[in-house]
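Below is a structure I'd like to ask you about.
All chains are identified by letter, namely A, B, C, D and E, in their written order; residue positions are counted from 1 within each chain.
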């Protein structure tokens, strides 16, 4: 995640509350609205051509799921907002794609906003997409940023199957399914990061290069942003589970508790990964120190052996008139003997110090 | 922020509580008082020439916003204080510009004090200005230190527009607008810092100089002070949202919750930036170690190759009478051969150790 | 514990809640179901051949303990689930072997899931096995992953003894016994890790090699995973102790409090070990630095002594026509005297600096 | 603060609770007791000659403030203790000058103990003096250790002024004034430390010597003890503010909240200083590493350039009979050319590596 | 404290709850039981010869204190347990000498277990002994491990004095006295550790050797174990203070609060010591780095000065036929001049860099 992305809301500083102002960065795609109208016996599935098709018919005993792909057309959001009597601040939150995950209870409808994560294989980074979910009486409206692929196809298939639990349950179960799919998808991201950490762990004991350092830094950064995105979800789901809203029936609340447990598990795993990465970095630094130590020993051994030798050779390269050793018969051999003795002494000394 | 600034309150140690004593550092500007008197139908906007123009007319069904630029004239504050029956401690807090953000409920009026931040492009630092806001029955009084520019012009424009929500709402909404403008402005500061961090992140992998270290240190220090200034705001807004004061109507309380959410988001971002900077510093230090390692390897390789060679050359520069090698026909070539062999052996050894 | 293991749940992302999908990795063993049917006077113990033998006879005043070894046959779990009216999410949790320890109260039955730990002597690692325990009215069902050996043989022996407290007590005491055996077993793991830390502590003051670093890293990692597995148990046992469920009689609740105390003790010990390991790593790094310091001193002393000497010898090896010293009678001895003086001065300097 | 001081209470280990045993270290000064007897109309101020002058006259409608300088005369404390019916443990706490700041409500009187701080200009250290304050019905008793000067002269002056708020208010306001003076005085200490930190910050970027390290260490230690002394005050003042004791009237409770806010601000500043000092230490260490890097580069550049040159010169200093190069006409110039080429190559190499 | 000690409980893994199994390590001493039977008027003090002498006579209006030295004879504990109707789990906890400090309320009796600390002068280590205290209606039973000396002699002396508060008070005051004596004794341990830290602080600025590192590590480890042993006492004493048990009368509860305050003070001091030790370690590491820097500078200065000189000398030691400089009249002096210039330039360079 680029730091750049997280500062967009500044553009709107100073606007009146409730003024719709899109802060995301994909404006070129058209908005696509898909609608599911279903109960246990009937199902209708279509793409809305205009905003009027989204109206909710209170007389019809059916559950309506409106999925909006793209939040950059503010007129669509305000149109839906007036049809479904959504609070102006809620509409503003849908458009501001830098929201912190949160839960708001507006009596007639509940609002959940969270991040959908996607692992981009090409750039090897995690992509963040904001998802807003509104649960009302017999309807669910979901807003996606339309960046990456959709992860709800599985839920659509279940809805198409007349015998599935999804089809037989209410709008609260649909909200749970959508949330659960997003949270379950987090595990895949976590798995990718776990793979990369393991890879680094294997390498770290033997290598300590700049490339590895870059990877550690990148992963650590990724985990910081992951935690920032997922941590507040804990409270969101806990409040959903304990919500006294009549929109969520008690048997369904147990399911939200289950999703809550998964979120805790993911946060635990992120913490574990962070601690492992810290450990890895310490090993990395220790390795550099150890290697430096090795390099220095080689240098010291070499210097300590050859400096005295060179000095001795230098002495007998002097041109004094009166250097009696130079004229001894075994002078040369004697010098070699001294030099060998020096080398032997040095090696003995280093062995005693445990440098070999 | 200079550390010097944060210790001024010491000057007043020993004074009686409620004694007004200005601790800020800009005394040269005159105080400017601007007044907005409005309801849905009428609006009057003027600069007060004397303190009597600030009186509140309870018979008039209008909302009064008094904005005081400059808190160094204690007589003005005490005059306003007696007109509006403000608690003596509150008056003292307005003047002491080193307040921690806080919220006080004095039954007849609410008091909020917080920091307005401004990014000074020239010095590349964040400037802190204290803002005090008092919400009473149909009036809002705001005090600024009058250091940097004003960020409420947008709000004034909205008030001038008879159809704006601001114009139609009460004094509580005006308080919210003023607070929200300040908090929204924080995002701009955060954005500037985010830009600088990104810049550092890009450089850090390749360079590790003193200049970069200074920048990291400066940013870290900035974040420490930012957190100190914004963190207590969390509690302030949370208490405003949950306040049982009749001065804030329930539909407006939701807006304060929204500002609370923004504050949490800013605090989250500050934490994320702090963690990223920690990571950056570790990368920096690792880089220094790695580079040192590289330098040492070069030194060791050079020494290890040339020391034995120099020694050999030194040996045959000795002047002993009896050095048979000197007189061999291929002695010289033979020595070169030995030297080449030494170099080859060394290179082989270093390659095996992976130093090239 | 391999990081790979902790990411399996991702495979089931997208499935409907309540869909049984086994995520463990041992599918080759057959499931073994052992049943204990007992009260104070009678006991029957047998291995179930088919699922019908697991039925619970409400007319019989006996306590039934069904132990299922292996959770990979989802049909068995769903069969037991419908016989004992277990909640679908509970069934799902039994199969997903990457659960975080947790406690769920489903009114008619309580569900506890936790980790059983086993120290593998060969690989010198800790193995994690998930255990699910269900307490109903007069029955306990336990599910093991069937990886390592069983630690409940002692409990079975006590049940076989007609005078034991276990035999005289209810199903809640059986649940306690099973839990307590697992928690008591944690102490053995902690003991093994304590032994290894002590071993490292003894070595660390004298050695600082890569092998030791690897061991420290491995232990640290082990402690991270241990803490992750045991920490949530605190809350599980605390909630069991304070549970208002009628399935646990108050005199037995005291026993759960005792197991809770043991868990706290284990967590305390893990924290202490983590802190000791941190200290050990710091000692390790300090040792490397100290040794480097020693190496560098040797190098510097040698260089500082021999470089001036070699230079002096070099000077008198020059071939200038006019070098009067060369022709002095005591020139050679004089040079030796100078060289000795240089050595003495250097040694004096180093002694003063405290390098010897 | 010397560590020695904080362990004195050990001397009294084993004594019966309520046994008075002085643990401070100044026993040579005499005890001085000053008494203020005042109400809005009258005031009497005198130094008590004997303990009987301290008696409280319940019939007289006046407020009595007894200030005791020196707590080493246990008989005085026990005499006052029986006159005012102070709890034996309270009397013990007054004498033990190593108390943690705390608040105790003994129904008929409230007890507050805290630290008065004084900055000793000569030793450049912070001095700690324990102050005990007892608030009863219309009386306040204060005990000081009589180490440093008194900071309450200002309060005495206000009492002498018949129109001051102090004179018109009750004993609870007097307690507040005494506390507030102590807390306000903390700001001066904080300011001194802030000055020293700024001084270090300015130096640290350019120097990294042992003296600076000592200063950083000393400041850090000072902050640790400051935090230890001030942190518990938070709870003390919070409990005073929320106390349901009838000895504190509600309008005065607001003043305690104000002092509480100041304490929080001081604690915040201490935390900020600690973080800045941590940052400073990291910069210090980074600077050492950077400088080491610079030193190593110089060494390596010099070695890498001159070692090959010396080797070449050494080769042509050999005395072989058959060295054709020696007899070439341009041999000498050729060798110089080679040496210049070597130097050029080395410089090119280092430039490419960015070492210049 | 050896890590080995803290893992004993593993031996009992698998035993039935309430099975007595001694896990301490001193089995050779005999158990000694001393009994005090007292009220305000009478006192009897004797050593029990058999277990029957420990029976409690409910008709007699006296307080009984049974002190058991040695917990390795399980039959004694179970005999006392049945006489005084102690809960089986409590009996088990007495024997398991690796308990975490805790408080249990069994209605008819209260149970407190904590650590008594003793500083062994010879081994310079802290010794841990477990003490169990049971408060019933008019009786106190205390169990010690009988390792080190007893610290309750002072309390016995007070009991023997008919006018002491101890003699006049109930069993709850006796429990307080025993606890308070243990906690007061902690101050002595803290004082010893404080002395050692101060000693290290004085040395650290000038020395940085392996011995000092060992001492720092040892102290740090000691503090980790101290904190582990004392930290849970906070909760124990807080629960005793707030206990609603009728066994503790309200005037005595205040005394427990006092002991609670002492415990907090000790924990605070331990935290302060830990922080100081961290600081000390950082100074130690900084010192190593600084010294290394100094060593490297010496090496670099020497190399940088002598390498060029040696090279120059080497050049004029070459044996080329045509080296005109060799035959110049002032060649030799000229070379010396060049060499002096090189030295001067180097010294100037190093001075500019601030290396001298």
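Going forward, a residue touches a chain if its C-beta (ideal position, glycine included) is under 8 Å from a C-beta of that chain, and two chains touch if they have at least 3 such contacts.
Because the structure is predicted, anything quoted here is derived from the model rather than measured.
Listed by label, the chains touching subunit B and subunit E alike are D. A rotation of 145 degrees, rounded to the nearest 5, superposes the Cα atoms of subunit B on subunit C.
Centroid to centroid, with C-alpha atoms defining each point, subunit A and subunit E lie 42 Å apart. Averaged C-alpha coordinates give centres for subunit B and subunit D that are 26 Å from one another.
Residue positions of subunit C touching 2 or more other chains, listed in rising order: 285, 289, 292, 296, 299, 303, 307, 310, 314, 317-319, 323. Each chain touches the next in a closed loop, which from subunit B via subunit D reads B, D, E, C, A.
Within the complex formed with subunit E, the subunit C residues making contact are 151, 154, 158, 164-166, 176-177, 180-181, 184-185, 187-188, 190-191, 194-195, 197-198, 201, 205, 254-255, 257-258, 261-262, 264-265, 268-269, 271-273, 275-276, 279, 282-283, 285-287, 289-290, 292-293, 296-297, 299-300, 303-304, 307-308, 310-311, 314-315, 317-323, 355.
Residues 2-4, 6-7, 9-10, 12-18, 87, 89, 98-100, 102, 104, 208-210, 213-214, 217, 220-221, 224-225, 228, 281, 284-285, 288-289, 291-292, 295-296, 298-299, 302-303, 306-307, 309-310, 313-314, 316-319, 323, 325-327, 329-332, 335 of subunit C are the ones that touch subunit A when the two sit in their complex.
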